[in-house]
Amino acid sequence: MGRLLEVRDLTVKYNGEENAIENINMVLDHKEIIGIVGESGSGKTTFVRAIINLLSPNAEIVSGEIIFNGQNISKYNQEQWRNLRGNEITMIFQNPGAYINPIIKIGRQFVESIRNHRNLSKVDAAQKARETLEKMSLGDIDRIMNAYPFQLSGGMQQRVAIAMALAMEPKLIIADEPTSALDVVTQVQIINALMALRNHFHTSILLVTHNIGCAAYMADRIMVMNKGQVVECNDKSKLITNPQMEYTQKLLHAFPELKGLR
Amino acid sequence: MSNRKRKKAFFSFILSVAGLLILLAIVAPAFAPKDPLATDFAHVLKGPSSKYPFGTDQVGRCIYSRILYGARVSLGMTFLLLMLIFTLGLAIGMVAGMSGGIIDTMIMRITDTVLSFPDTVFAIAIVGILGPGIRNTIFALSVVWWTKYARLTRVLVMGIKNSEYIHAAKMAGAGKLKLITHYIFPNILSSLIVQLALDIGGMMLAIAGLSFLGLGVQSPTPEWGNMLNEGRAYMQTAPWLLIYPGLAIFTVVAIFNVLGDTARDVLDPKHV
Amino acid sequence: MMDDNIILELKGVSKRFKDHEGKYFQAVNNVNIQLAKGECIGIVGESGCGKSTLARIVSHLTDLDEGRMIFNGKDVTGLQGELLRRYYKSVQMIFQDPIGTFSPRMKIGTYLMEPFRNFKIMDKGRAGKYAEELLGMVGLSKDYMRKYPNELSGGQLQRVVIARAMGLKPDIIICDECTSALDVSIQQQIIQLLLELKEKTNFSSIFITHDLALAESICDRIYVMYLGEIIEMFESQNIIRDAKHPYTKMLLDSVFSVKKFENQMRPTATKINGVEKVKGCVFSPRCPEACEICREKAPEVKVMHNGSKVLCHIC
Amino acid sequence: MKYYLLKRIVQLMVVMLLATFLTFGLTYISPSDPAEMMLTSRDVIPTEELLEKTREEMGLKDPFILQYGNWLKRLLRGDLGYSYSKRESVAEVLPQRIFMTTRLALAALLILVVFSLGLGILSAIQKSKLADYIIRGFSFVGISIPSFWLGLILIYIFVVKNRWFRITDPYAHKSIILPAMTLAIPLIGRYVRQIRAAILEQYSQDYVVGARARGIREGEIIIHHILPNALLGIITLIGLSTAALLGGTVIVENIFTWPGLGSMALEAITYRDYPLLQAYVIFMVWIYVSINFIVDIMTQALDPRVVIRGGRIGE
Amino acid sequence: QGDKAASNQSGEPKVLNMALFWLDGNIEPTEGWNGWTLTRCGIGENLVQIDENLAFKPSIAESWEQIDDRTIIFHIRDGVKFHNGNRVDAEACKKSIERALEITDRDDVKFPVESITAEGQKLTIKTSKPYGTLLNVLADTVYIIVDSTAADDEGFKYKPIATGPFKVVEFTPDVGLTLHKHEEHWSGDIGVDIVNVKYIQDPSTRTMALQSGEIDLATQIGIRDLALFENNDDFAVQKGPNLRVFLLRLNMDKPYMKSLAFRQALSYGMDKETYAKELVKGIPAKGPFNDMLSFGYKGEDYYSYNPEKAKELLDKAGFIDTNGDGIREMDGKNIVLKYISRTNHGSDANNIGTAMQAQYKEIGIGLEVIQVENYADMAKSGDFDLLWERWTSAPTADPQYFLEASYKTGSVGNYGKYSNSELDAICTKLDNTFEKAQRDQLGIEGSEILMKDVASLFLYYQEGSVVTRKNVEGVYRYISEIYYIDPRVKIK
């Protein structure tokens, strides 16, 4: 397992106020899944958005470097970023419907995404889109290609979003609370789909979640954040069985567990 | 200083400018050097001078004094109009929003109809038929504009009516009246005020426009639109008849437009 | 359970909504629930299944279409006006979104004193004192009286809400996902607080959540809801043993665990087929075990030997 | 969609009916006596007996509703009455006036759309740069400047001083530019800001972030994603702006002595020529209502969310 | 068919653009004052006309003889042709005059006919009683000679067939006319091929149109604006007194107006000297006729500005302000006079109203100044106290017409219902007086009566102006202002 992503000393602030995240360091290997947990406002989203350079305009990266696949991507210009995004690094958002243009059909958006990175004809791109959707075990592909986002349920939208993210077979998927808008049953399905991805394509995943149980289930390592800083980052078994920091213990303790045996 | 603080400071500034303007209109007589109606045949259509800072008009009246008194008329009419449509719109919108059902539907059908009229056209027709004058102008403009506030109030009330805190208030035993006075009104007030502030400029222009057409304020009462109308004939030979009243309208409308914009930035929770 | 011990009973409660196209949508369908004095019942189910609607029916914020509601032996269906106000003295609700529960322009102090003034329980001075006491009870200092809601965190606000609800010494408190907008650690504190208070005052409560594990930890009995219907009811001591309905099992399978993170989740790979109207059992389109009869005929309530009830043909 | 169309058409007819009712009602309560006007227009000195007789003949003694009904019947037959001041039937006077005003309004609309779209988009994509500040400055001036003053200034600069345009010849194409500009500028001011805001709002939408995350080119995002979304709002805006446009024609036509409906309305008012004024109001309402009808249909047609309402896949 | 006028000469057609400040819905000469449009634009001609200096000049009639009190013989010019090519002979003139007499709505210009006979080019008109102003009347635009054989045509009122140097090609209501030159005009070739007549009501628009080059000729330019052209080499300005008098007719039906003292006070209360000099740059009026006319009153003015006197008179006459609001009352009601002018009377009417408003306030009389379009209706129905009027009081250079039409008991133009036996007597006398000097004397007496009795408030006489662009020649300023262009007009 080689190193895919390295973040060094990343500090971001909004509106010139206090730092939202401070001196974050992280290393992510190929095929690795890291779960980032922490309470609301601890800077999880800020951190992962900084990695893919999609911070809101009022944010400023104060310091830090991001090395992706050996390249210092924090020095990239707009066009280089564009080539990277959706291609090598993709992102899945919490509320997938909002991140797809509501008045454009899924198919067209999918084809557009593909053609922005691969020199394919529209027909070929559509074919590729279909193939990717197929893997998400979605029912009627043709209907989905012809549908507007609002015609799909949340779970379907999320799968489409994942399919779009996967079409380019990216090396890194950043998932910012990909399931918290979904009901518990669907949540498991999506998570299993993501796990399957890693197994097939050797994709690395950065998973942001509120649900430490989810992180525990999915991730290889867990990184705990609080107030813009990394509290603890360790292999999940170590972190769960032997948490070093008080904050981590608190989080673990607060997580409700079913008493009975499964 | 944060962006928001700066905005707040600017808002206070522009609010005081507007306040000063209103004050000026109220105390116009103290500043006006002349009686705005007094004619001076020795100085007809004379350009600005030390005696007449903005010159005189076609019958030798002091334009400066007329503009000062005109502020009274313009602002007075605007605020009267504002109050009228505000209270009318608020009351009706509140009733519609609170009661729902058939009353709501009826009120909304009426506002829909009024709203589907082009407002200026309708106002012109009303003044035209009832006859020109200050009273009819205000009447006509309130007839076409109350609906906007009624709708806004209704939408706001409906939004709040189903909000969690109203439910919470109900469960805390609040009666209908208390709900309105304690919960709904304070929370819709700022949106309404912002809308009013945004509309002031447009209202002044509408009043001045009607007067310009000879449908609003009638001569000799000094009013800026009216003054422009009278000054038109002297556009080339005595341009000060047009320049000063025009500038007066422009400046005051601009000030209130800025006020509206900043009020929205500062007061409206949606834009914070 | 003795009948005179029952404080609230819902009998065959239904509620339909009309959507923007004029089509009806059955949000709550023939729900029967009993709540005993001092008992805590949980209602669990996925998003949109009608939990909140049910809560709002109980708190008279939504009218019901069918069924009856008995409170302390009296029929309180369709209560209005002064009677309703009196009902609110005994039934209080804690909402999901703490910040939304506050009028943005009302100080915490005023908010707290409102019910006591409204119900004319006490004058302003005493209400103020009492409000401070209540704040103390939920672990907040009296400085908060003068603050505006946006100056408090979600957890603090939820404490204020609880304080107000408790202040009236109600018989029933309904908690509609009262912790799901909060962080896990805060969530824990709020639950702890509720449990403590319950210890002291012994009110009955309806606890609504989508989190089975959470429900299990605080409720005496659990009702499972699916598409507006209660499909199963059981005591919470031993969920894993008692839960029989395929849907409940599915829910159980979806619960993450930190302690047993090695456990593989069972992939419940049913297609998401949505909610087309079915003749038979509402869950049959998604049910992995559904057979012919499930699609044809609506099941009837079966009472199991241990007192739990289930709405299913198969189990 | 069909249902919607039908509903809108019914609505449109109701509004038109109400418009005629209001128009007639207004003239009905007006202080002048149509019989007297009729007589004086025929150079007959109105004596009391004669007035009585004429009132009788003109049906002015009938109850209001009957008068309205008769008037409406005639209106539907295209009989708009007789203009006292023009000494012609209103139907004779109208076409030319309508032509002139429509020409003016269309020219203004064209200017309005081109400029406000161009400047609005430019200003949005150049946000907080020099071009943005300049455009916003101009649009602010446009909003605050009274159109009647602006018109006079434009005449002075472009007719008297520069002789670029003409003012006496409304039929020449060249002479339409100034009045159309005068009509459009205040609206351009308004719409530049709104379009800018609409586009900026789209910019902050998550789907833009989504598109960026998928690596879509920035230009493509603007053209394929942002504009179509913003356009929906803009079309509605333009529909609504026709009210201001139509209302503005009165002032502009007055300043530029443009022989359209606006100046006709003013004449009608000063002559108390109510049939003419009625025709004006009804026609204006009709244009306004139908434009908004078209706009509505267009936005509906362009917005897939409305066209394929409901109809979720899998449901 | 090809425009002969437009294409006959080599090169560009010569186009004159001129402005009219007044245009009715049609140009049928027998209707109202519509004939003025025909004479102003050189479309219509009379048998005789009044030249720029108020003298008679032959037109279609090349000469005439006064046979006796009641008879005049006109010799019709040879070779006069109507716009449609028809020949004009005595018979055609007879038909035209008879038509006018029959259908005109202008009672003031109807004369008592005994017979009109036509033999070849000789037209004899005989009145049933001595009629001293027959020539003057025939010079009125109602008697423009038109081709009565074409007059039954529906379009005649928009395209009258007359004999002037220009013929109507198109008439557009509210907009103007297009004229082509009359190829067969008796005076020979006309120096302009096409005349575009634009109806521009607003004086400042006329000014701007002149400045922008859209028109070459305009009249009635605002007095202030005239300065813009006077110092400008591109324009020629002709100005001087004209026959227009501006007056305020009093409505004698109103109870207070019946009091002479009240009317005198109204006259004392306003400073018309100043109005004339400062507001409108005119000449303060003494009576209806400009004193440059032989029948204009030349003596001292009556009741000129003296507010003290006015107050005294009002007090004496019992118009007292009892409730202390500054306005005198009659029968407990405030006296607020209604001052009406027509929208196209322009700002002068308003300005003087405003000035009077201020001055009447001082003597305790309220004044409401209103500009309306339906002025005529209000005038007819008597809905006014002071009615702003502007008159060309002697278009035919004779006093009778105006005195009779405006002040004689019961006459049509007497909207104020003025009635004075002395004046009526003068009118009757004028019917039988032929001596010019005597007629003039009667005119002066009539004026004096009107002033003494304050029948109206005579305000001022106007300075007329004609502004032409330098490329236009042969335009003369007629004192009467009913002619703007005639066959002499040329474009350089």
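Observations, loosely collected:
First chain written, first letter: the chains are A, B, C, D and E, and each begins at residue 1.
Heads up, the rule we're going with is that a residue touches a chain if its C-beta (ideal position, glycine included) is under 8 Å from a C-beta of that chain, and two chains touch if they have at least 3 such contacts.
What you see is a predicted model, and the numbers here were worked out from it, not measured in a lab.
In terms of Cα centroid distance from the overall Cα mean, chain D ranks first. A comparison of the B-C and B-D interfaces places the larger number of contacting C-beta pairs at B-D. Taking each chain's centre as the mean of its C-alpha atoms, chain D lies 42 Å from chain E. Centre-to-centre, using mean CA coordinates, chain C is 93 Å away from chain E. Between chain C and chain D the centroid-to-centroid distance comes to 54 Å (mean Cα coordinates, whole Å). In chain A, 139, 153, 156 are the positions where the chain touches two or more neighbouring chains simultaneously. Multi-chain contact residues, meaning those touching two or more other chains, occur in chain E at positions 202, 208. Chain contacts: chain B has residues 214, 232, 235-236 touching two or more partner chains. The touching residues of chain C, when paired with chain A in their complex, are 46-48, 183-188, 210-214, 216-217, 238-241, 250-261, 263, 265, 267-269, 271-272, 274. Of all residues in chain E, those touching chain B in their complex are 202-204, 207-208, 222, 224-225, 227-228, 271, 274-275, 278-279, 346-347, 350-351, 354-355, 357-359, 369-371.
For chain B in complex with chain D, the residues that touch the partner chain are 112-113, 116-131, 201, 205, 208-209, 212-215, 225, 228, 232, 235-236, 242, 246, 249-250, 253-254, 257-258. Residues 163-165, 167-175, 178, 182-183, 186-187, 269 of chain B touch chain C in their complex.
Considering their complex, residues 56, 59, 61, 85, 88-89, 91-93, 95, 97, 100-106, 114-115, 118-119, 161, 164 of chain C touch chain B.
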